[in-house]
Amino acid sequence: MIFFIIRRLFMTVFLLLVVSLVTFAIFFLVPRLAGQTAYQLAAQYVGKNPIPSEIKTVETKLGLNAPIWLQYGRYIKGIILGTHYNAGPDVSYCPFPCFGYSFRNQQPVWPQLISDAPVTISLAIGAGVLWLIGGVAIGVLSALRKGSFFDRFSMGMALAGVSLPIFFTGLLALTLFSYKWQIFPNVHFVSFTANPVQWAKNLVLPWIVLAFQYAALYARITRAGMLETMGEDYIRTARAKGLPERRVIVKHGLRSTLTPIVTIFGMDLGLLLGGAILTETVFSMQGLGYFTFLAIQNQDLPEIMGVVLLASFFIIIANLVVDILYTIIDPRVRI
Amino acid sequence: MAVPIDVTTGPGGPPDAGATSSGRSIEGRSLGQIAWLRLRRDKVAIGGGVIVVILILVAIIGPHVVANPDVYHSNLVDPTVLRPTGSFGGISIAHPLGVEPQTGRDVLARIVVGTQYSLLIAFLATALSVIIGTFFGIIAGYFGGWVDAVIARTMDVFLAFPLLLFALALANVIPYSAFGLSGNTLKIAVMVFVIGFFAWPYLGRIIRGQTLSLREREFVDAARSLGARGPYILFRELLPNLVAPILVYATLLIPANILFEAALDYLGVGLYVPTPTWGQMLSIAVTNQYWQIDPWYMIMPGLAIFITVMAFNLFGDGLRDALDPKTR
Amino acid sequence: MKRRGTIATATAAALAALVVTACSSGGTSSTTGTGSSGNNTSANFFNKGLTQVMNPSTHKGGTVTYESHAAPDSFDGGNTYYAWVLNFSRLYEMAMFTYKSCPGQCGLTLVPRLATDMGTASADGKTWTFHIQSGVKYENGSTVTASDVKYAIERTYDRSVMANGPTYYQAILTDPTYPGPYKDKSPNKMGLTAIDVPNATTLVFHLQAAFPDLPYVLAFPSTAPVPPASDTGANYQLHPLATGPYKFQTYQLNKQLTLVPNTAWSASTDPQAKQLASKIVMNLNVNQANVDNLLLTNQAQVDAAGVGVGPAAQAKIETNSTYKANAVNPINGFARFVYIDTKVAPFTNLHCREAVEYAANKTTLQDAWGGPIAGGQIASTVNPPNIIGFSKFDLYNALSQPNGDVSDAKTQLQQCGQPNGFSTTMGYRNDNPQETAAATALQASLQQVGIKLTLKGFAGGTYYTSFCGDPAYVHSHSLGLCAGGWGADWPDGYGFLDELSNGNAIASTGNTNIEELNDSVINNLFAKANTETGAARTAIWAQVDHQIMADAGILPEVYQKSLIYVPTSATNVFVQTYYGMLDYLAIGASSGS
C-alpha cells in the first residue's frame, strides 16, 4: 500500500510537470507560433496604460526573447524557488508556490487564489454531497422500481438534466427564484465564518442548479449499474440465503455499483474544485472559476496560468484519492 | 465539465445467432440486423433519430431559406426600453420566433444559422476524438505490455487537464489570423481541435477496454493461426466488431460537444460577431440582461440546445440498448 | 424502452416552467416601487438631480453602501485613471484642486482644495507657484508638507509600479526622464528637478512650455500627498494614508472596502467635502443585475461605477413613475466614436471618409449603446455638450437624417473613385458588449452603400497598447476603422481634443490620435491656444472640433448618457457635471447612526 502511494505520488509530480509544460506552451509558445512578437506578448504583462519603454523592460525582464526551454526552466524555477518582484520602495519576495505576479492587479497571484478558493470549495463540496446522495438514491430506487412511474419520470428528468446547459438552468433558476419570486434575493457569497446561515442560504440556488446536472448523470449511471448487478447470480444467492432485502441491496448490490461512481465522482469533484466557471459566472460568485473568467477577459496571463495549474493540481489529487479509495472499496483490485 | 457518457455499460461482443421465425430456413441474423430490429421497436429512440435528421437538414438547407440573420430592424424595437415591440418577443409572420432586443435581428434566422455551426463543430470534434481514440485504444488494448502502459498513462495525463480552462486559454491566445487561417475558419479549427483533441481519452479508454476483451476471443486466434499479422487483425478483424461501441459513444459524444461549444460561446471565446451561435445568444441575453426584459430571447436558443442535445441522447441511448443484449 | 416514454412528460414540464417564466416577467408590470416610502421630505422628479439636490438632509450617521460591478484599477490616487475612482478617492485623499461640489454647470468650476488659491504663473507661463494649506493632517496626526505633494507626483513617474495613471507630468514638466523615487539616488528622494519645494507650504513647477491648464492636471488624485516613509509602492493601494474626511478601515482587495470618518480631518480646511455618514462600505465585483436590484429595493445607496443601471432595471424605471421620479439621466461626458484612419487606404481620400460619415446609421448605433436614455444622444461633433467650448454643428446630417444619408454617401463614394463601395477592416474591443454591438451595427449600415466591413475584435486590455493604438499594427493589418471613446481629463476643450487630434500626439504605442490626423490647421490652433486665455481660448476648441469633422477623421456616435437611480435612503444626491455621475463627496445616509 505504501509503495502504491509513493508510486502514485511520483506520478502526481510527473503529471503536474506535464500540465505546467502544456500550460506554458499555450501561453508562451502558441502565441509565438501564431505570429505574435515578444513585444506584443510583453504588453500583456504590464499595467493598463504602459509606455513603450516599460513594455521593453518587461520583455527583457521576463526573458521573452530567450530560447523556449530556457523560459520554461525559469518559469518552473520561479514557482518552486519563488521570485522577487519590484513593488515600489522595496523588492518583495513571493515564496513557494509563486504562481507569478499579476501586473494588472499589482498583487501576487497565489494570495488571490487562496482568497477565492473558499467560494469554489463551498460550492463544489456542497453540490457534490447533494448530487452524490441524490443521484445514487434516485438511481437505486429507479432500478428497484424498474418500469414504474417513478422510474420513468425520474429517468426522464435525468435525461433532461444532462441535456440542458448549466448556464441556462442557472439563468432560469435566477429568473424565477431570485428576481421574480424573491425567494433568494441578492445571491452572492457570504463567508461561512461571517454568517453560516446566510452562507448556506445564498448557496442553495447554485447548489441545486449544479447538483441537478450531475445528479441526473449519476442517477442514470447508478440505475444502469444496479440493473446489471441485481441480475447477477450472487444476488440471487444472497436472497436465497434469507438475507433481508435491504442488506442485499446495499451491501451486495450497491457495493459493486459504487466503484465506477466513485471514480467519476472523484474526477468531477476535482474538476469542480478547479473552478465551476459556468455556475460561478451565472451566479456571480467570486470563486476560482469567476477568477479565471475575469483573468481571461483581462488577458492577465500570470493569473490564468496560476489558476490552470491549481485546477490541474486538484484534479490530479482527486484522481489519487479515488485510486486509493478504489482499493478499499473493491477488494478485487490489486495494487 | 462532465462528459455525460455513461461509462459503465457497453455493448458486448457479437451475440450468438438470433432466434428464428416460423417455418423459413433458419439463418443467423447479423448483429446489425438484430440491432436494427430492436431499434425499430424503440419508438422514443426513433423519435430522437428523426429529430437528429431534421436538425441536420436544417443545418444544411436552413441558412439558405431563412431571412438574413444580420439585418437590423430597429423599427421593431422600443427605443427607450430596447424590448421588441410585439408580444412574446416580437413573434409575427415575418419573424416566427420573434426578434432580438436592441437590434431587431430575426431570431429564427439566427437560430438556424447557429444550428449549422453547432452541428459542424460538434461533428468535426467528435470525428477527431473518434479517430484518435479508436487508434490509440485499439493499439493499447491489442498489443498490451509497455505500449499499453504508455498509452494508458498518456490518457491519464489528458484526463488530468481541466478541459474548459485549457479551451478558454487556448481560444484566447490565438490571434485573429494564424497558421494560414483567419477569422471564423481559424476559430472553428481551434474549437474543433480543443474539443476533440482533449477529449479523445474518454473514447480511448472504452475502446481499449473493448479491445482487451475482444482479443481473447476465438476468432482472433483463428485469424492468427491462418497467418494474419498485427495490422490485419487490428483493422480487419477487431475494428468491425468495435464499430458498435464506437458508433454508440460517438453518438453520445456529440451532445456533450454541443454543450461544450455552447459553453465556450457563452464565455465569449466562440466565433466572431456577428456570427450567430446559440451559446452567444445566451451570452448576450445575460450580459445585456435581456433575460429579464425579454425572456423569449433567452428561451429560444436554450430550447434549441435542449432539443438537439436531447435528441442525440435519446438516439444514442436507443442505439446502445439495441446493440447490448443485457441492458433492457 | 418504456421509461423513456415519460420524456414527453418531462419535456412538457420543462416547457411549462419556461412559459411561466416568460409570460410572467415579459410584460410591462407597473408595480408600485418602494420609491417614496421613507424619511424623504421633498418630492423628486425625473432629472431633478441635474440641477438641484435630491433628498437634501443634514442627518449625520448611518452607512452609505456603494456597489460596483467591477474593481478599481487601484484605490491609490497615484495609480488610477477610472473616472469613478477619481471621484471616490476624494473621500479619503485631498488633491491640490477639485471640482466644485454643486449641481449644474457650476460643477465644472475648478476650486482649490489642498492648495490655497489657483496658483500664480510667471509671465512666460513656464513657472507656476502654488501654496498649500498649513493645517492639514494625515489620519495619523502628522502634518502634510509640500514635499509630500512633490513625492506623490514623483511616484507616478515609475511606470513599472504606477502603470495606470495618465502621463501628463512627463509631457508637461521639465525633467521627463526622472526614473521615479524607487530608483532615486538623492537623499530624501526629492530628485525631480521640475518641482522645487522652497518651504513646507510652497511648490514651484517648471514647465517645458506654457500650459494654462496646469491647475486642471493638479486636480488628479496623484497630487494627494504621500509621506515617503509610508509609501509601500504597489501595496499602498491597500491603505493609502488619508487626508480627506474618511480613512480606510479595512480593504479586501477587489472584494470590499470599508471607510470610517477620519478624526484628523477638519471641515474648515476642506469646505467642499462633508463628513455625514459614519461608515462607507463598497462591495466590488458584484453582478450588475444585483447592483440594480439592491438600489431599487433601497438596500444599497450608490452604484459606484457611475455609468447607470443595466437594461433590465432601465426597463423597470422607464415604466414605473415612482422609480422614474428618483432617476436622473446625465450626460456622463464620455463620447463614443469611430476613428477613420487617414493613413490607411482608401481612407487617405477625404471623400471616402466622408462616405462613412454620411452612410452610418446613427439610430442603430445609438441603440447599440443603449438607446436614447441609457445609451446617449446622437452626436454630430467630437466635443460633448458638457465641455467648455462646445458648439453644435452638423456637417454630415447626423441629426437631420439619423438613419443614415445613403444618397450623399453614394455621391462621396463616386467622388473618391469607389462608386460600388470598398472593403476595409474595423478594430473594436470584443469584451465590451456595447462596443461589439455598435461595431456590428456599423457593419450592417455601411453594407447598404457597399462598404464591406470585416470586424476584428481585440481584448480591451491590450487594445491601445498593441492593436488600434499601435500605428504599425494598424497599417500592417489595414485597420481603416477603430472603435474608441474618450472622456475628458478636464472639462475644457484641450483636455478633450488634444490627445485625439494633435499631430504631435501620435505615438507608437498607446496612441490616442488613432485617425493619425496631422493637420497643420489643427496643430496651429493648439499652439495658439496655449497663448490665449478666457473666451478667446474657449473659441478655439470649437474651431478644432469643426476642423476634425471637416477632415472626417472621426465618426461621432453618441454623447453617452447614464440612467442613474437614486434610492431614497441616499441623501444630498446630485450630478457632478464634470464627472458625469453623482458627487460622492456629498452623499449621506437618510437614517442610522
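Going by the order they are written in, the chains are A, B and C; count residues from 1 in each one.
The definition used in the following text is that a contact is a pair of C-beta atoms (placed from the backbone, for glycine too) under 8 Å apart; a residue touches a chain by one contact, two chains touch by 3 or more.
Keep in mind it's a predicted model, so treat the numbers as computed, not measured.
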**Study point:** Chain whose mean Cα position lies farthest from chain A
**Key:** C
Point to revise | Pair exhibiting more inter-chain C-beta contacts, A-C or B-C | key: A-C
Point to revise | Approximate Å spacing (C-alpha centroids) for the pair chain A, chain B | key: 23
Exercise for review: Find the geometric centre of each of chain A and chain C from their Cα atoms only, then give the gap between the two centres in Å, rounded to an integer.
Suggested key: 38
Point to revise | Centre distance in Å when chain B and chain C are each reduced to the mean of their C-alpha atoms | key: 45
Exercise for review: Scan chain A for residues touching two or more other chains and write them down.
Suggested key: 159-160, 164, 172, 175, 179, 297, 299
Practice item. Please set out, as single numbers or ranges, the residues of chain C touching at least two other chains. Key: 4-5, 7, 11, 14, 18, 21, 25, 289, 431, 459
**Study point:** Per-residue overlap in chain B, given as positions that touch at least 2 other chains
**Key:** 172, 268, 291-292, 295, 302, 306, 310, 314, 317
Point to revise | Interfacial residue positions of chain B with respect to chain C in the complex | key: 42-45, 70-72, 74, 77, 79-83, 87-89, 101-103, 172, 176, 183, 268, 272-274, 284, 287-296, 299, 302-303, 306, 310, 314, 317-318, 321, 328
Revision key, fill the gap. The chain B residues in contact with chain A across the complex are 1-2, 4, 6-9, 153, 156-157, 159-166, 168-170, 172-175, 177-179, 255, 259, 262-263, 266-269, 279, 282, 285-286, 291-292, 295, 298, 302, 305-306, 309-310, 313-314, 317, 326-327
Review point. Inside the complex, what are the residues of chain C that reach chain B?
Key: 1, 4-5, 7, 11, 14-15, 18, 21-22, 25-26, 288-289, 310-315, 318-319, 361, 363-364, 366-368, 370-373, 430-431, 433, 436-437, 439-441, 443-445, 454-457, 459
Check your understanding: What residues on chain A touch chain B, complex-wise?
Key -> 11, 15, 18-19, 22-23, 26-27, 30-31, 33-36, 159-160, 162-165, 167-168, 171-172, 175, 179, 213-214, 217, 220-221, 224-225, 227-228, 231, 260, 264, 267-268, 271, 274-275, 277-278, 281-282, 292-293, 296-297, 299, 304, 307-308, 311-312, 315-316, 319
Review point. Contact residues on chain A for chain C in the complex?
Key: 40, 43-44, 46-55, 57-58, 86-90, 103-107, 112, 115, 146-147, 149, 151-153, 155-157, 159-160, 164, 172, 175-176, 179-180, 185-188, 283-284, 286, 290, 294, 297-300
